[in-house]
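Residue numbering begins at 1 within each chain, and the chains themselves are lettered A, B, C and D in the order written.
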C-alpha cells in the first residue's frame, strides 16, 4: 500500500481545519477600530490553534518521510488523529468567544491531550510495522518532548479551575517546545 | 487516462466532506459543562458519519491501487459516488439536531444505501474495464460484506418507524464490519 | 514550468466549489418528510450545478493530459476560469431559494456563459503555446459542442424573462451534451 | 526533506482561502436585479482579494520550482505566510460590507503588508539555504517590484484616513504590477 494518498488526504484535512477556523472570526457590524476589540480573544485563540495544527502538520510530514509501507491499521490510526484534530476549530471558537473561561479551557486541553495520545498511537503503529532498527524508532526512542507535553496537558485540564490563565500558559509552553520541528528524525537520517 | 487526478480530486472532496460536518457543531453560548449536553447527539452523529466517510476513503484508496486505467465512464461513476457522499453532512446534521428521530434516521439510511449502490456501480465499471482476471474482480468476487450492508440499510430504512434505535444500531453494525479495511484486496495482491 | 501544481490547485478549488454548495441546503427545523419539501428546488439546483462543476473538472482533466508546458499566461487564464466557477455556488443557492425565478435564472446563465468563455480562452492559450500539430488543437478543431453551448446560454439568458423553465431546460440540455466526456481528445490520442 | 507536501499543503490552504471568500457573498432574499446592487462592493472586494491570492499562489508556485531542499525553518516561514493570507477573507468581507470605509481599508492594507513581509522572509530563508549562486537569488537580487509594493502598502495605510479611495487605488495598482507573474525567475532559469 502506498503512502501518497494518505499524505494527500491528511494534508487536505489539515488544510481545511487550519483555514475553517477563520470563519469563526465574525466580521464586525461597525467600521471602527473599537469594533475589532471584542475580536481580540477570538484572534488569540485562532493564533494558538493555528500554531498547534501547524505543529501537527510539520511532525506528520517529518514522520511519514521515513515511512515506507502503510497498513490498514495505520490508515485508521491516522483517521483517529484527524478526528481529534478536526474538533480543534470547535474548541478554539469556544475558548475565544467565552474569553478563555475555565470550562472551555479545560475542554480545549482535553482535545489537545487526545490529539497527543492519538499521534503517539499512530507513531507506535508505524514503528511496529517498520523493524526495530527503523529511523523513526531511534529518533523517538526516549520521547522527552512527548512526555513533557502529556504532563502539561494533564495538569492544565484541572488547573483551568484554579485559573484558566495557568492552562493557557501551559498550552503556549507546549506549543513553543514543538515549534522547533522534530529535529530528532532529521538527525537520525543523517546518522544512517 | 491517468488515475492521479481522479484520486486527488476524490481525496479533496472527501477531506472537505469529513471536515465540513464539524461546522454544524454550534459553539455553546455559555461556558458550562451543561451547555455541552445538547451537543451530545450532534457529536455522536458526527462520529458515526466520520467513520463512514473514513471507510469510503479507505476502500476507495484500496480499490484504486489495483486500477491501471481510468475511462470517462469511471470518472462519472466516481462523481456519482461523491455526489451521494456529499449529502452525508446534511443528513448527519439533521439526525443530530432532531435527536435521532424516525424520519431523519430513515433519510440517513437512504443516503447510506445510495452511497453503497454507487460504490458498487463504480467497482463494477472498474472490473469491466480491467479484464476478468483482475485482482479487484477476484477480491470482491462474492461480496459478502457488501451484501450484508445492503440488507442492513434496506431493513433499517422502514425499521426507523418501528424504532429509530434499531436503525441506529444497524448503521453502527455496518460501520463496524467495514472498519477493518477490505483485506480481500490486500490478500489478492499477495496471492499474485 | 510544470503543470502538476496547477492541476493540484485547480482540483482543490473545484473540490471545494462542488462541496461548499451543500452548505446552502439548510437542515430543516422539523423532523417530518414535509419539512424536506421546501428543499426540493435547492436540491435540484445543487444537482444541476454539481453536474456542471463535474463536467468542468472532467474536461479540465482531459485537456491538461495533453498539455506539456505551462506559462504565466496559462496560470492566469486558469485562475480566470476558476473565478467564474467559484461564483456558481452563489447563483445555485439563489436560483434554488427563489424557486427558479426569472432574474436568478438569467444570472445563473450569465455565469455559465462566462465559465464557457473563460474555458475557451484557456484552451486557446494552451493551443497557442503548443504547436499547431498539437493533439488538443486537432481534437477541438471545429468545436461543435462548444458552439452549441454558447448558443444555448446566450438564448437562455433573455428567454428567462419569457419563462424561466425554458432557460432551465436549456441548461439541462447543455449539461447532457457534455456529460459524455470530451471523447475527441481521447480519440486524437489514439490516432497519434 | 522533500518539498512536495509543503507545496500540496500550501495549495490546499490557498485553494480554501480563495474559495471561502464567496461564502461571504450572501444570497439576496429577493429575486430582482436591484437585490444584487448592495452586493456590488462585496463582489468588488472579492475580485481584488481573488487576484491577490492568485498572485501569491503564482509566485509561490514559481519560487518553489527552483527550491531543491526544504528545512524546518522554511516550513514555519511558509506557515507564517499562510497565517496572514488566511486572514484575507475576513478583511475582504469587512471592506465589502462596510463599503470601503477608512478603518477596514487600513486593516486590509495592514494584512497585505504582513503578507508581503512574510513572503519576503520566506524568500530570504530559501536563498539562505540554497547557495548565493542560486537561481532565486539572482532573480530577486534587486527586488524592485517588492520594494514598490511595500512603499504602496505603507503609504496606503495612513492615506485611508485622507480618503479610502486612495488606498483602494494603491491596492489595485500593486495587484496590477504583480499580475504579470514574476518573469525574473523564468528569465534566470533560461540564462543558466
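A few comments on the model shown:
In this section, a contact is a pair of C-beta atoms (placed from the backbone, for glycine too) under 8 Å apart; a residue touches a chain by one contact, two chains touch by 3 or more.
Remember, predicted model here, so these are calculated numbers, not experimental data.
When the CA atoms of subunit A are superposed on subunit B, the rotation angle comes to 90 degrees (nearest 5). Comparing the contact residues of subunit B and subunit C by number shows a mostly separate set, under half of all numbers used being common to the two copies. Here the spacing of subunit A and subunit D, counted between their Cα centres, is 27 Å.
Subunit A and subunit C have Cα centroids lying 38 Å from one another. Of all residues in subunit B, those touching 2 or more other chains are 8, 12, 15-16, 20, 23, listed in ascending order.
The touching residues of subunit B, counted against subunit A in their complex, run 7-8, 11-12, 14-16, 18-20, 22-23, 25, 27-28, 30-33, 36, 47, 50, 54, 57-58, 61-62, 65, 179-181, 183, 186. Subunit B makes touch with subunit C in their complex at residues 1-2, 5-6, 8-9, 12-13, 15-17, 20, 23-24, 72, 75-76, 79, 82-83, 86-87, 89-90, 93-94, 97-98, 101-104, 107.
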